[in-house]
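Once you scroll down, you'll see the structures, which are given as structure tokens.
Next, two complexes with chain A in common: one pairs it with chain B, the other with chain C.
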Partner chain A sequence: MTEIGTTKATKPVWPRLGLTQETIVLFIAIAFFAVFGVTLPGFLASDNLLSLLQNVSVLGILGVAMGIVVIGRGIDLAMVATMAMSTAWTISLMNAGTGALTAVGLGLGFAAVIGIVMGILIAYVEIPAIFATLAMSTVIYGFGRLALVDLDVIYVPEDAAWLRAISGTIGGVPLPVIWFGLVALLAYAFLRFTRRGRYIFAMGDNYEAARITGIPVRPMTVVQYLLSSVIAYGAGIITASLLATVNIRVAQSTMVYDVILVVVLGGIGLSGGKGGVRNVIVGTVLIGILLNGMTIMDLSFTLQNLVKGAVLLVAIIVDSLVNPRDEQTAQQGDI
Partner chain B sequence: MKSFLTGVLAALTLTTATAGMAPAKQFDDGLAPHYYSALKGKKVVFLPLAMSFDLPQVWAQGMETQAERLGYELSIRDPNWSSDAGAQALTTLISEKPDLMVVHNPDMQVYARLLARAQKAGIKVIQINLKSVATTDAYVGVNWYEVGEHQARMAISACSPEAGGSGKIAIMQGTPTNPNNAITMSAIEDVLADHPEIEVVSSQSADWDATKAHSVASTVIKQNPDLCAYVGLWEVMDAGVAAAIREADKVDAIKLFTNGGGQKPACDSLANGAFTGYVSYDAFGQARDLTNAIAQVMQSDLKPGEAPYALYTPIRDLTKDTMRDDSCWTMDDVAKAPF
Partner chain C sequence: MSVSDSYAKWRYRYVPDHLLGEVLSKNWIDNAIPFAFLLIVVALFGSLIPGFLSPAGFSDLARQLGEVALISIGLGLVMLAGGIDLSVGSTFAMANFVSLALINSLGWPVWAVVPAVLCVGALIGLMNGILIGYLRLRAFLTTLATLIIVRAAVDLLILSYAREVAMSMTMSEAWFYLGEGFILGIPVNFLLLVAVAIIAHLVLSRMRFGWHILAVGGSRRSAYNAGISVRRTVCATYVISGVMAAMAGIFYAARLGSVGPDTGIGLEVTVLTACVLGGISLGGGRGSVFKAFIGTVIVLMVTNSLIRLNMPSGSTPLVLGLLLLLAVAVDIRWLKNRHKLLSRVYVSPTYFDLPEDPSANVDATSSYAVNDKFRDVTAIGLGDLDGPEDMIFDSHDNLYTGGRQGDIVRFFAPDYTRSEVFVHLGGFPLGLAMDKDDNLHACVAGMGLYMVTPEREIRCLSDETNRSLFSIIDDSRIRMADDLDIAADGRVYFSEATIRYGVSDWAVDALEARGNGRILAYDPKDGSTRTVLSGRVFPNGICMVDDGESLLFAETWACRISRFWFAGPRKGQVEAVIEDIPGYPDNINRASDGTYWVALAGMRSPAFDLSLKMPGFRRRMAQRVAMDEWLYPNLNTGCVLKMTLDGTVTESLWDLSGESHPQITSIREHKGALYLGGINNNRIGRYALPEADQTWTSQNDYWGRT
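What follows is the complex of A and B.
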């Protein structure tokens, strides 16, 4: 079992440097960090580094959730819609006078139901994940708009002090960073040390083989989407706490691609079976360094997007040169 | 006697049939009969950006109240932020031929040709809150340049070194290609050009997204410890800036100037110190302007587009001190107001 999840290319065209995409991205991140540290005054201040981490915490949490799904050779394009609608429902229930516990319970329940429905569609109805979750994201948004909330922007009620406390600080460290750390740690433990975590790698590596081996692949698929939806709900609550508002328009934004960017950039291949939480952290930190540095440099919006895209391309190009795909490493189901 | 009874009956039938609609009979003062007949039974269509935010909801509420009073038929086509869907709706509408269209443009170009075609096809068109390059019967809405001027002046008077400020301000933009963003920004730049003592330390875009605005602002605030003010281009996005200021524990040191339609949460934010200054374009007042423009355009016998006119919304600057109980509105106020 230990070999599962550590598949590597066997015959690189280039000299084998032992470089995985994760290490490449780590080097890029270190390079940027060094350059910014030397050239940008105030970049290395501990305040700035903490805010750098805080600013990508929610992205990182979503990245961990997406990572779990992608490792099992799935994808959850409905994640951001789930996050937005379930959180928005919680907050609007609170605005309507529902107790905090009930509101959170209902929101969490809604997210869980979404996850289970998606899992069933993918595992039992056998719709490809990319289509099932794409369709679900529209359904979730539409249903939410129709039945749960009727405004794009919902303000957190003034008296919800407990909600604001979720994004406070402890000993100078912003709580969102700690939540990210906690989610990452739990996901790491789940993927590495539990039997079910190893099942996810096996399924991602070779779904049919996993099934023949006796792994309960269908229930496990449901578990994956359940996890990603529930984690997304947590990320939504943290965002709501941080901004004191929920904006459901993110459901229709390109945010889900940012999440996939973090996952893929870190080196979790979309073909599944590879990678882990560390990859997500590396990808998230690189994006955080880039965004923070570019904000300090006051670069324009268009240029920032260009740089982000270019860095992703460079990472992928270097990876395909160092770890080329061949008949042995290519898998059915590669995107 | 019989004829009297018939008369009473006829009057009763008429009253029931027209209950809640335009009065059956009018005192003819020379205008009233035309005013009511110009709108009765007409078809008015509202094409918003989306129905899911405060501004279109207020305008639609105003029109619904007016439609009930004057007996016209109002329908709403909601493209939910998609300008493609909006353009398709417009194309369909041109062949459906309503009497009047109220159009909320996503930008200055995308509907321009369609609006011209609609006018040619004999449909009257009122544009609201963002004017397309095509000029139609009426424009009701804010002059974004004015909003930018007001915001810039607020920041200057708060931050100029003469007033004891550091002179350093930062700007939070929405999407640079968006026309109201571009127009507001050009106003801010024009005003600042006359004030070299004010330094813009950061001018970033957050794509109207509070999360991104929060990330950018938290970095900029740490980078510029003596930052005096933030100028943001939309209240909803600027909730993120406010959160970053609160987190940095600088609510008193960093002032935040923003703009919006003047709904209740804006006044709450002024009261609790999240916003320092707010340029309100009073969507409630716009609803009244809009319903008046509908009445005016429909009474006119001119061809569509023959005599275009504008009603630019009077804007007002709100601060904690100038704010009054009635400075902001709620949806309930709008629903209960006459139009």
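What follows is the complex of A and C.
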């Protein structure tokens, strides 16, 4: 039990070589890095690498949040909508003259409420996570557009220096990267060393067994979605700070699938109970390199989507080969 | 009679409580929630929007339905097989673009465009199907990925060729007809939708492939173990879904002729909401084409109305999302709690006032007084039998009886020590009868009326009767055939104890005390079965009267024996013969002196008699107390009565010690001995009747043989 999530997360694909999906992905990432470094002009420039790290860090933070949920055999498709709408509300409140502390508090509270509502829908009403969060992402976007935010694109006010400082640099290292590291470290500690972190693994491994053992599975499910929503809010604030704007249209984009891509690529099985923060970091690095390389190659946004979709598909296929399911082991209604 | 008693009597006579449970037990009740929702939507928006219910409004709705409902039916089939297809929106957009490109830029004729586009849809579906069906990927994420990929492909095509497609315009009349034509004032595509829906419904409910889909969705593992090709079935549903989305795309293209990049965005959420709202369960196995259709009507009405009401932006996704959440929540909770609700409300007791029963004490003056005549009963087949409810003799004196294992066992004359399994029927035989040619007739619980020839050939005579006009549960199927006798003209009269319960839970019928049972007649001339008398309280034993036009039957929970005329001048009349039996009468059979033997399966108890006058008490008991703790009629010890046709009981025979032969459900007099059967017994009892005619047999007497 104590070994789960920290050492070999998945069964080796090629046992003789001792490779896990995580190490394979890591090698692929290094290979891509090398190839891009040689072939793409400007890839290795410090500006580019810094922006790569910065872009990746938001994705990585979201990946950590998604990882926590996926390990507990859930999924949070509303994460990006939560991030966009709660941040957009915070910024538009600040634009309207609300104090920064109040605005941030309200935004955080909004995100937390979303997380709790989703958790209750999934744990107590027993709606499958995939549907609850899919529907919630539509609801969050609709509600936010209707009641909280007037514009699609909201600019960060000029006088909010503290907000800009969040994405500054310390000793040449962009702060977002440090935030990512911090979130990853905290999540690692939570999953690895706290009792509730172990509960999440137990629930992902065998939900019924966890319930029978006496683990408070319903409150713990709520905690998972609460955590993911709150972390998503943090990621949203960092994005706002980086771009100086919030675009709520991102709520309807395919960004959430990038997050899933990061998690699945890194080797966290979607059936739960496996993986850890390290898998997220590896997946994040690969996707970061891929996206950055494609941007430098000047591939159109559409083509990038195509590639990402294809990579996601391949990742799911590999996942299903590594964690095979068949008619005898598949769970009814497990889609 | 007190006021509360008469209130209870009238209330339970005229309020049909049992209908609620029967309605809940029907499959179509799943449609009730979406249908109620539809009514609410129509009422709400009909009052808010002027002209909502106009013919023009319906025409618009019908044309939109002709596109969206096609996709819903496709997605519905996928969901029924336990999957999900999120790529329908992208497939729709792809079909829209491809058909416009083919007809506008390349100038293909319509008859070539349509199959080509359908093939594109089928290919996308096949991709999903192979990935999910054969490679066993997760449907949700896989179709998400194909959604992104196909959408990206459409966007790329639009970037490259949108100008070309938009510049040229087809002049094909047929093409415009697809998009804008009417037949008898109804949009073309709506008619096509109706045709597709009917075909899909027939496939799903009547054909092998449809049953495979439902089986896979209902239980994937069982379907696999039953030999169904699960992978191929799953794959096929995705192909169908792709074709349906492509068909919708063609109509959309013909109607609007635009290759806008936002075609079909978010369509998957709309269609998914429609399916779930209509009542197609996530995870598969439950749902129908009609449900997909009704769900689509609701969703389209809501979204169209929101647009016409000029609601601010954001309200449409908000409402759609809330609808989806509500629909899924209702679906999940309904599925989880339906059977609990059903088991709470299905048992519906009524008021029944049993007459005062004569005493059966040892020193009682009535002929029911307990004695110990059965002390010397000998046992046949002790320990070998399990539940000989009834027994019968053939013309060679061999003894036949049934058993819980589903066999008919034959004991050989004259000493009945040797036995063999005569035939295996597969169901629990209750009443038995023999016709004049030694054909054994058996009422088999849960199966119906069966005949076994002396050559051991088994024939099903009847397992259904006419459906009564206003019954909610399907009463055409015979669930609980109990006892029978054969009339002189060869017709078989048999009782069905209850139509509301089956083999496993017939005893619960005692709590209801309602006339749930009936008497049926099977006519060997044309093989038909008709209900001749209905609404009786657990009709059980049946015995022909010698006049050839009437029969005696026992109503077990009502503790009475009645006479029913099925022919002659009094045809159709029922007359009570004895109404105050102190026990629960079971089978009735002829005696050698022209009277009748009656078996009492158990004796009445004051507590249960009292509870029959308190239906509310029995209802609360059924709802709140565990089934094993319910108050049931006592069915463990009884006796045999001898009665005349005018209802006088002349004699009773008891086993006072309860050791020789307790629990009697059947008696048969044969050559100076009385044979006793019991549904919970492990033997047949034999009791000598020294005074009786030692050559008399019921069969010879009845069929006029000597």
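Annotations for the structure displayed:
We adopt the following convention: the second predicted complex is superposed on the first by the 270 of 335 C-alpha atoms of A that agree within 3 Å, B and C clash if a C-alpha of one lies under 4 Å from a C-alpha of the other, contacts with A are read in each partner's own complex, and residues count from 1 in each chain.
Here is the rule we use: a contact is a pair of C-beta atoms (placed from the backbone, for glycine too) under 8 Å apart; a residue touches a chain by one contact, two chains touch by 3 or more.
If you're wondering where the values come from, they're calculated on a predicted model, not measured in any experiment.
Contact comparison for chain A: of chain B and chain C, C touches the greater number of residues.
When both complexes are overlaid on chain A, the residue A:55 reaches chain B alone and has no touch with chain C. Of the two partner chains, chain B is the only one touched by A:153; chain C is not.
Contacts of A:135 after superposition on the shared chain: chain C is touched, whereas chain B is not. Once chain A of one complex is fitted onto chain A of the other, the partner contacts of A:125 are limited to chain C, with no touch recorded for chain B. Once the two complexes are laid over each other on the shared chain, residue contacts for A:225 go to neither chain B nor chain C. In the superposition on chain A, A:45 makes contact with chain B only, not with chain C.
When the two complexes are overlaid on their common chain A, residue A:247 makes contact with chain B while staying clear of chain C. Residue contacts after overlaying the shared chain place A:308 against chain C, while chain B stays out of touching range. Once the two complexes are overlaid on the shared chain, A:145 sits against chain B and chain C alike. Contacts of chain A with chain B, set against its contacts with chain C after fitting on chain A, overlap at residues 145, 252, 300, 302.
The residues of chain B lying in touch with chain A in their complex are 50, 52-54, 81, 173, 175-176, 201-205, 207, 209-211, 214-216, 218-220, 222-223, 236, 239-240, 242-243, 247, 265, 268, 272.
Of all residues in chain C, those touching chain A in their complex are 82-84, 131, 135-142, 144-146, 148-149, 151-153, 155-156, 159, 219-221, 224-225, 230, 266, 269, 276, 282-284, 312-322, 324-325, 328-329, 332-333, 336. Within the complex formed with chain C, the residues of chain A that make contact are 121, 125-128, 130-132, 134-147, 252, 254, 257, 260, 264, 270, 300, 302-303, 305-306, 308-310, 312-313, 316-317, 320, 324-328, 330, 332-335.
Within the complex, the chain A residues that touch chain B are 42, 45, 47-48, 51-52, 54-55, 58, 145, 150-153, 155, 158, 169, 174, 239, 242-245, 247-250, 252-253, 291-292, 295-296, 298, 300-302.
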